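In what follows, a structure is listed as structure tokens, so that the remarks can point back to it.
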Amino acid sequence: MLPWSADLAGRIDEHIFSSELLKDNPLGDPHERPLLVYVPPGYDDEPGRAYPSVYVIQGYTGHVTMWRNRSPYRQPFPEAADAVFGRGEAPPAIVVYVDAWTAYGGSQFVDSPGTGRYHSYLCDEVVPWVDARYRTLPEAAHRAIMGKSSGGFGAMITPILRPDLFGALATHAGDSLYELCYIPEFGKSARHLRDYDGDIWRWWEDFNSRVPFTKEADHDLLMLLGVSACFSARPDGTVELPFDPRTGVLRQDVWQRWLDWDPVRMAGKHATELRSLRGIWIDAGTRDEWFLDLGAEAFRAALAEAGVPQEIIRFELFDATHMAIDYRYPLSLAWLSQRIASG
Amino acid sequence: MLPWSADLAGRIDEHIFSSELLKDNPLGDPHERPLLVYVPPGYDDEPGRAYPSVYVIQGYTGHVTMWRNRSPYRQPFPEAADAVFGRGEAPPAIVVYVDAWTAYGGSQFVDSPGTGRYHSYLCDEVVPWVDARYRTLPEAAHRAIMGKSSGGFGAMITPILRPDLFGALATHAGDSLYELCYIPEFGKSARHLRDYDGDIWRWWEDFNSRVPFTKEADHDLLMLLGVSACFSARPDGTVELPFDPRTGVLRQDVWQRWLDWDPVRMAGKHATELRSLRGIWIDAGTRDEWFLDLGAEAFRAALAEAGVPQEIIRFELFDATHMAIDYRYPLSLAWLSQRIASG
Amino acid sequence: MLPWSADLAGRIDEHIFSSELLKDNPLGDPHERPLLVYVPPGYDDEPGRAYPSVYVIQGYTGHVTMWRNRSPYRQPFPEAADAVFGRGEAPPAIVVYVDAWTAYGGSQFVDSPGTGRYHSYLCDEVVPWVDARYRTLPEAAHRAIMGKSSGGFGAMITPILRPDLFGALATHAGDSLYELCYIPEFGKSARHLRDYDGDIWRWWEDFNSRVPFTKEADHDLLMLLGVSACFSARPDGTVELPFDPRTGVLRQDVWQRWLDWDPVRMAGKHATELRSLRGIWIDAGTRDEWFLDLGAEAFRAALAEAGVPQEIIRFELFDATHMAIDYRYPLSLAWLSQRIASG
Amino acid sequence: MLPWSADLAGRIDEHIFSSELLKDNPLGDPHERPLLVYVPPGYDDEPGRAYPSVYVIQGYTGHVTMWRNRSPYRQPFPEAADAVFGRGEAPPAIVVYVDAWTAYGGSQFVDSPGTGRYHSYLCDEVVPWVDARYRTLPEAAHRAIMGKSSGGFGAMITPILRPDLFGALATHAGDSLYELCYIPEFGKSARHLRDYDGDIWRWWEDFNSRVPFTKEADHDLLMLLGVSACFSARPDGTVELPFDPRTGVLRQDVWQRWLDWDPVRMAGKHATELRSLRGIWIDAGTRDEWFLDLGAEAFRAALAEAGVPQEIIRFELFDATHMAIDYRYPLSLAWLSQRIASG
């Protein structure tokens, strides 16, 4: 009866995942996280069958519960994903929705003294837990990861770092080519910080003392603070900004730590890992506000440079901004499910 | 464990409401609708107590399930509403979330041969049903209605039309002063329609044949079609646009039918009804994309002209666009609950 | 040696025109005005030959000296106009550049107690003066008028009012269809006026006390004040705004005075005059900030309604905003010169 | 009689300057250039007096004749400059307006195999020529240079390279902090180049075959081509873009050639030269489209780092974009004239 909804052909299990690695994380965020595991139609009827799995991660400020959000005229992705399998458009797969939210809005799916060990939590805790409780095909060749924006970034770097776990990926407008996606943001943020005497902690205090997202600065500064905490915290957790907030001048040593996390740059150093993958989906909107269409082009070029064969890559730019592109996820999910199917 | 969530102090009952009046509606939309009824903390403990009630309606493209949507750093309104009562910031009230979605995205809460009898469904079916099943104070003096955007419009006109039912209202950026909120939209829509040979039905066919909201025209034309269906359908349901799609020239007779629904103009004709109210909350963001801040000013001026006493009006403009102003709802809910409390 | 410049094939005479009608104008603007008269190549060699004439008027805030302004990669119109004749692309014509600037930025080429008698100055003073000093073909059939924006408006209304003088016109993005071109501006202006307690004279005082055009409000409010002075001054010169500055609500009587000057509405009342014309050029950019592309469509439709034959109309929309469309002027000049040539 | 004009208290001499160094320049641009020399009131009356001089250069796409352009409600700078001296607001100075336009729109006031020897033309030809024909105080201490945008850039680098010639400068929104002012432009340009198969020469051919500035790409690509010709042409004149046009990835070696021209970076290498100056005016609008407000902050910080004393610096950010800030020039001219006055 709900508009644009449907009964599921498969089933979604809602779990509370208790992480050891996230205990005592520096931001005091919960170590218990929601975890959704979807099993495709037929899963319960064929108890001897094992399935490939696809991990789905979110963009900045996302947390797992938001997958339930409904939009007019569109289905939430978990329902659209179910429909892919329900209509037989792709070999059945288990789909795992992982939470990696933090008080700063995100974790970038890395281990950081500034936020916590989200990369290890995903790879060393969630994956084994799912494999133990669901009939997955536990080899990397049958496990994929996908996401949009920061989630697309996570989907690019996680297989690079853990090719033993992930054999395919899909990035939708994933963060890459950092000079283009981040440097313009630094300019905007430096301007915002004028109202806070150049001190991002004064903004953070303000942000927490009033209704959030009622100032234009909020989105930009939250992301700046959060990504800095992920990429350029000191070992003791102190967050360092990649630029001087009064002048916008890059702090080269800090900025280099960010660049070390640029998928375009990582690709060159991880050619072997990337060549081991079975499928890489890359897409973005041609009007992306963070130039992530060029990031996509640059990542593709870096893959070619690294010797990744064209046949495993699916690349597409389409007419869109960074927003409202969730309708792309079912496309990549179907494609990934093909690539990581057994046989 | 969810970020920015909390256990409810009160309780939300989820109903399926079966409407007689919506049966055989012209768009073939379901006549069974979700209906959420919230009872405040203490409701179950004081079985002899009766409560005022506040009806909450939504903006364009909204349907009731979206009240569950979660946003980063903010609470969904039903949770924030509960907190108002949980913290004792307002006298307890029953809060009713009514669905009035249509295939075109909305009903404007009016009876129309183009969409259906949503005004009567709300007033003659939902209200009595709630009164019969919940311990409400069933007089108009203890019943309020509130909403944003199209929901704000609905909140303005419903008490005007049914002062026997509603004794207070809150409009957040509600549609009003139609020359300013609609005419610029007509210009944009006329341009969009060039791609469809001036025929909105060709756009509608296109919209339904592909992923919705992937063209810039979609939002504007959906609203144009929908509001036309609400305000200027012929008795047989044929939708008439208020302007010539090739030139943008107003069709005065059709446009007049729209103007007849402008709260600024309605106020003058319903002075008695408006003077009978106990509370009117009006607010809007100063940068509202539809000039609804001026619409708010104009509505306030029309109320003054109609002799509505200043004391019952709460007026505020604040720095915002039309978006992300949901944080205002708890403020008006608390205020309304004061105004319609017994005694 | 100048980039993008050329020697003239014809000649431009610079005159100071002394107007009796502009003496004692209400704004104290000079009654002596610059007047440029261009004669085409061959004019001096054929002393017995008479020529058609084209009057060129300017958009808001324009004054005649600005025709000398140079832009990168483009020629000033007087040079481009000369090239039209120099290359033999059109029958030779005399081109007259008339000044109608006021302290408020423009006159709309009407007679008004708020600004002065600019319509009569143009028609009853400048035209006879030119005819007396230059070998023009003095019949309306051989006289045209053209302009952009407010100048396009002037080009539309002047032949309507004086078909005895002008037999052809060209309007580039000329002001028309006032609900679309003006009402959105009223919304913006009402907001700007909040900083001035709703009093446009307080803004005017501010504007004159500091560097002009350093506030976002300046352009909008200057145009509002000026056009109000042109269209809706009282007989004693008092300027009346067409809306309540606090609410944006139209003052219907004042607004009607504006509508009476809308070319779309004037066309219906002056069908005979319009049918007497020999050529009407209408164009505009499809992304015009004032919806003047729709204004162009509406004016064309009004002409058709008035029985103006299609053959005398040249209509075109092209991809552009309201800005940087001066390259269109030579096109219409050549076309007009054809239409008003003798024989 | 012209609005916002005035008779000059001083005098402007219009010269044609014939340059040896610009002969056979790679773009075939003229080697004869307009040159305006202004002498202040009193110059002719005191034949024994020598004056300081201020050189004025223009932003991208500017050529000297444009100084004559008139704007509504504002004076052209040469007239406003004259008024500064006419009102006695600053010690009298000679003001020299130098042309450095090229077919690509500008020269950045550098010597380049891609465009020509504009730096040397200015320093080794124009300055001596002026000194020989006008009663200047020919020492660096009495000669300043000023400009906006690219002209501000020229004003920063010329004294750095030729402290023997220039002893003071004023930069209004001058190009600096290249990562912020240029990298976002590269993203936009890479997108524009998609329509030209990544080949800027195909765009250039297109640009020259039609009305210029009728495509959104034109401004961005013209500047990209021109600045590349200035900063990163090979010795044989071949222009190299600083990024891969298909991916937006920086070409580090080419980009480094641009960075070598960044005033923020040059300051550190030319501390001695900068410390020798008598006055440095730096300003920019806080909403500058190229982040040149941050460029201004960064240049100021670089000056401090280089040991330039605070007392010689005048710094200001003001509420504006990059546009319509010509009203700032008279302020800096007066200030510079004070700094370089004799005694």
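When the chains are written out, they are named A, B, C and D in that same order, and each has its own residue count from 1.
Basically, a residue touches a chain if its C-beta (ideal position, glycine included) is under 8 Å from a C-beta of that chain, and two chains touch if they have at least 3 such contacts.
Nothing here was measured: the structure is a model prediction, and the numbers come from that model.
When chain centres are set by their Cα atoms, the one at the greatest distance from chain B is D.
The chain pair from A-B, A-D or C-D that repeats the B-C interface, sharing more than half of its contact pairs by residue number, is A-D. Separation between the centroids of chain C and chain D, computed from CA atoms only, is 36 Å.
The mean-CA centres of chain A and chain C are about 57 angstrom from one another, to the nearest whole unit. Per-chain CA centroids place chain A at a distance of 45 Å from chain D.
Chain C meets chain D in the complex at residues 1-3, 5, 16, 30, 32-34, 61-63, 65-66, 68-74, 101, 105, 211-214, 319-320, 324, 327. Listing the residues of chain A that touch chain D in their complex gives 177, 179-180, 183-184, 186-187, 190-191, 194, 244, 246-250, 264, 286, 291, 293-294, 297-298, 300-301.
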